[in-house]
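Letters A, B, C, D and E mark the chains in the order given here, with residues in each chain numbered from 1 onward.
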Amino acid sequence: MELSPFYQELVTSLNRGLVMSIALIVPSAAGGVLIGILAGTVRTFGSTVFRRIGDTYAAVFRGTPLVVQLFILYFGLPNIGIYLSPYMAAVTGFTLCSGAYQSEYVRGALLSIKSGQHLGAQALGFTRFQTIFWIIVPQAVRRALHGCGNEIIYLIKYSSLAFIVTCIELTGEGKTIATEYFRFTEVFALIGLYYLVLVTIAMFILKKIEKVLYVPGFGRA
Amino acid sequence: ADKIVNGIDANFPPFAYIDKTGQPSGFDVEAMNWIAKEIGVEVSHQPIEWDGIITSLLTKKIDIIASGMSITEERAKKVSFSTPYWVIKQVMVAKKDSPLTIDMILKGKKTIGVQQGTSEAKWLKAEAPKNGWNFELRYYSSAPLAVEDVLNGRIDAAAMDDAPAKDASSKKAVHIVGTFGMGDEQFGYAVRKEDKELLAKVNNALAKLMKTATWHGLIKKYKLDK
Amino acid sequence: MSSAFSVIIDSLPYLLQGSFITLGIVASAMLFGLVVGIIMAVGLVYGNRFVRLIFSGYIWIFRGVPVVVLLFLFYFGIFTYLGLSFSAFTSVAVVLGMTTGAYQANIFKGAILSLPRGQFKAASGLGMSDFQAIRSIILPQILRMSIPAWSNEFSIILKDSALAFVIGAPEIMARTQFVASRTYQHLPLYITAGIIYFLLTWAGVLALRKLEKRLQIPGYSHYGS
Amino acid sequence: MNENSPILRVENITKSFADNTILNQVSFQLEKGEIKVLIGPSGGGKSTLLQCVNCLVIPDSGRIFLEGKQVDFSRRQDLYLLRQQVGMIFQDFNLFDHLTALDNITIALRKVKKKSRIEAEQRARQELEQVGLADKEDLYPAQLSGGQKQRVAIARALAMDPKILMLDEPTSALDPELIGEVIAVIKQLAARGMTMIMATHQISLISTLADEILFMEKGSIAEHGAPEILLGAGNNSKTRGFCNRLDELSGVEK
Amino acid sequence: MNENSPILRVENITKSFADNTILNQVSFQLEKGEIKVLIGPSGGGKSTLLQCVNCLVIPDSGRIFLEGKQVDFSRRQDLYLLRQQVGMIFQDFNLFDHLTALDNITIALRKVKKKSRIEAEQRARQELEQVGLADKEDLYPAQLSGGQKQRVAIARALAMDPKILMLDEPTSALDPELIGEVIAVIKQLAARGMTMIMATHQISLISTLADEILFMEKGSIAEHGAPEILLGAGNNSKTRGFCNRLDELSGVEK
């Protein structure tokens, strides 16, 4: 089937944008999960000072729009001599914001582990760290998986905000075409489809991970 | 229609912006107010993101665009333009102390910022391979943001219309390097193709306005004559 | 620096007026989403296969497509084709409402499933109809349990409302941009906007926590974080 | 209605989940004022049978007659009505966690029986008094002990004026010290002539209250008869073996 | 160490939560091979006392000696070591839900005792065999019945070679029919000479196993003595009254 020149150009651009989107999403998702686990654990079991720091981090990044965060990272940091490239600024912003949300899920999961699990481990002579590392976190990760997956899906959808820092990805490429041809409905329907596919693939992968980590008795909430 | 809505890009001073009191203001806004009075309709000004402004017009969310819109072939396929009321040049803006010339910007592996979806963005992208220019383009959501990054030193220059460039150079440490070879463009008001009656009335009123002292007063007020 | 300061002072009333629009959008969207969410959640848990399929499809789409895209699609496309001439404000509220409805459906569904099955059984055992059991026994419990997750959803929608600008509802973010374009004080203005959002989020979350306290009943645990 | 006809007649009830036949052609009947006790090993189908009787679980086949009238499983109104007349007490109480003790009782009176709030509360207070909880009406389930919860559950069922009360292991989720108070209430009900069918492991209930014991195993009633006979010394019944084992676990060994 | 000195000596343990004194100057000692049973009304402090012994709850004051050596409550290493030597079985098992039966046992051996995986698994299989669960090693807690879970918990504690085993109502979360299997395992431990202290409501455990009964009430040991004496006919002890009440609830009434 021959595509009309409009669709040819649109699909080429969208594919180019897709590559950029994926390049933004994958590292940000991974970084977000890592920071989330770290911050979540510190916020639950850390000393008062660390807990405060963690809580503040989460409150700030959850309480302000991502646009503002990206803007400050890209246009604000040069004031103190830090110059992030558009790509780096986007990935940094996504990672920090996503990490703040992830930490919330991780914290919830950690808190939901019954106190009996702590008792059981301590009664066997586990140290506090061993208890958290070997008993609590492995269970919490399974509990948090669903929420963390949700957060990654949010991240996929919010990656379009990279345009703020001049990083042109899927939505950005699509918009360029749309303004050029003034065909918003078709363009946005197609962009929507691209995201739907991305999200569906992500959900599929997350299901797979859930399956691999599945342990009887750890059904989803 | 005795009430019409004018869609504006409120990030486009001095043609259209939001003033200190929160009201839409600017050269185009005031001109449109005059014209509306002349043809006996009420006009309100609705800020809309530039990306969606033509679609908003086509889907009847607004009735007219008087907001520094360049008349281009592609746009003219979708909408009708009034008679041109302003000629605009595309210029490069660089840091005040920058020694760069237009030639150096175009051929010296520099980075140029443009507003996404503008005619200069399209032109630069299309012309570069033909002329062997080797600059890199960065797309911003508005021209003032591109200027911001010129000041940050991330990009060497920003391409934009001369009027907002003048506005920028009056407020920030940037200067206009000069035009870069893109043909002059003309601003016109855009209406839906089927609104022939409205277009005729607007054209009449516009012609009348351009002959009055008010028109020249507006040009002075918004420093478009410098 | 002093000019940045004076710009902020000058523009603050204008920006704060935007927060009324923002809150208006958020409140309408959340309420709309609440209705959608409850209907979907109940349908997903108790409905027949056909209902479940339709509702799952809805949730799949609204969870999978970014809000900006949905906004463009509905505002310029679907609403227009359907002959609905919603204002920008209404359109944003409806689209955000449909989106958060999909998420709220998942929240409520999780809460329903986390209730002991015996609650429904006991209601049936007393002779209540399914509708009565859901209305008097299930909903009062899950709505209580869902407040924390709901307040999360509130903070997300609050920030999503910034997207309203793409179709011209001048809320906080749009106004910030307008002032910045005129004054070239981008950074201070964005920081100001960030602070306003932070305060709004904080106030909203606090209010919901108050509500949760007021509705609290001994022995309740929460669903979601 | 003939005075001598059974109040409840259950005929050939069969129920499968997926491929498992949980109940296989179970029949029994209950006379007015009679008390039947279901016992048997875990998984034998006792709970499922009780839930089939008031159609919380709809049987695959079989018939149920309440006061001689057959219940039409496909008519919702029939089911709602059946359930109002057959009260059910669950092992884990299933009180409505968002309502006070009083409201747990009034809600069905108001929503199902359409009584006014005042009427409903009056009746509820009366029932709470009967189970000795007059002073606890404003407490939420989370604030009640297990024994108190179960007593509220009983009051809730009784307030609906059921013709039959079904109890599914009413004491097995209770701490040993709290069992006594619930047993006392059940005995009091028996003394008032309530028609009951209950599943229980509680030896003291089985031997003192039962008019007939039904021993369920693998989805069928394997033995049935009066306790004097089934548990009688020298009788080699499964029931007696089972009860003796229960007894051994809890009783003092000599 | 002197053969005759007690293996565990607990002196004047006091513990308060907020303003409530839960344990008040409790003392007792445990000889090697001895079995003590804690009984008493709910809330009397039995669980708290047991948890104080291995410092899961740190006492406010008092001293604990294990094999004559005092435990320093402020040294973490001391506590970790104490807990390895005093095994604990909880009422609700507290198996690690994300690990198989086998790994529930090996994890402490590997992480705490630093054994190799092979060694740990060997030992774990041995213990599983002892409690009759050799064929269940790959199942997760959610796939085990209550009785099986409790037996894994016992195997897990035993694999650490504890000098003392503490059991906190090991059978009270179990269905009546599953209690037997756990009781059998406990009796078998007793027969092998394990030193134990347990809280229980299980009359059969109290009367057959206990060398001494400690009756706890309101945070103190109100009575103690051999079961023959405390439960002896004619004795007017609180203990006997309490046991008789337990007995009544579960026993056949004649």
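Going forward, a contact is a pair of C-beta atoms (placed from the backbone, for glycine too) under 8 Å apart; a residue touches a chain by one contact, two chains touch by 3 or more.
The chain list, named the UniProt way, goes like this: A, C = Amino acid ABC transporter permease; D, E = ATP-binding protein.
Computed from a predicted structure; not experimentally measured.
**Student:** Under the touch criterion given at the top, what is the topological distance in steps from subunit B to subunit E?
**Tutor:** The fewest steps needed to get from subunit B to subunit E is 2.
**Student:** Which chain has its C-alpha centroid farthest away from the centroid of subunit C?
**Tutor:** Farthest from subunit C by mean C-alpha position: E.
**Student:** Using C-alpha centres only, name the chain that sits farthest from subunit A.
**Tutor:** Most remote chain from subunit A, centroid-wise, comes out as D.
**Student:** Counting C-beta pairs in contact, which two chains come out on top?
**Tutor:** If you count contacting C-beta pairs, the leading pair is A-C.
**Student:** Once you find the CA centre of subunit A and the CA centre of subunit D, what distance in Å lies between them?
**Tutor:** Chain centres of subunit A and subunit D, defined by C-alpha means, are spaced 52 Å apart.
**Student:** Where the CA atoms of subunit B average out and where those of subunit C average out, how many Å apart are those spots?
**Tutor:** Between these chains, centre-to-centre, one finds 36 Å.
**Student:** Between subunit C and subunit D, what is the gap in Å from one C-alpha centre to the other?
**Tutor:** 45
**Student:** Which residues belonging to subunit B are in contact with no fewer than two other chains?
**Tutor:** Only 51-52, 55, 145, 148 qualify.
**Student:** What residues in subunit A touch two or more of the other chains?
**Tutor:** Subunit A, residues with two or more chain partners: 75, 184.
**Student:** Okay, what are all the chain pairs that touch?
**Tutor:** A-B, A-C, A-E, B-C, C-D, D-E
**Student:** Where on subunit C does subunit D make contact in their complex?
**Tutor:** 116, 118-119, 121-129, 132, 136-137, 140-141, 144, 217-220
**Student:** Which residues of subunit D touch subunit E in the complex?
**Tutor:** Interface residues on the subunit D side: 41-42, 172, 175-177, 179-180, 183, 201-204, 207-208, 243, 245-253.
**Student:** In their shared complex, at which residues does subunit B touch subunit C?
**Tutor:** 7, 10-13, 17-22, 46-49, 51-52, 55-56, 59-61, 142, 144-145, 147-148, 168, 171-172
**Student:** Which subunit B residues qualify as touching subunit A in the complex?
**Tutor:** Subunit B reaches subunit A through residues 50-52, 54-55, 58, 74-75, 78, 113, 116-117, 122, 138-141, 145, 148-149, 152-154.
**Student:** Spell out the part of subunit D that touches subunit C in their complex, as residue ranges.
**Tutor:** 51, 54, 56, 76, 80-81, 83-85, 87-88, 90, 92-98, 107-108, 111-112, 139-143, 153, 156-157, 160
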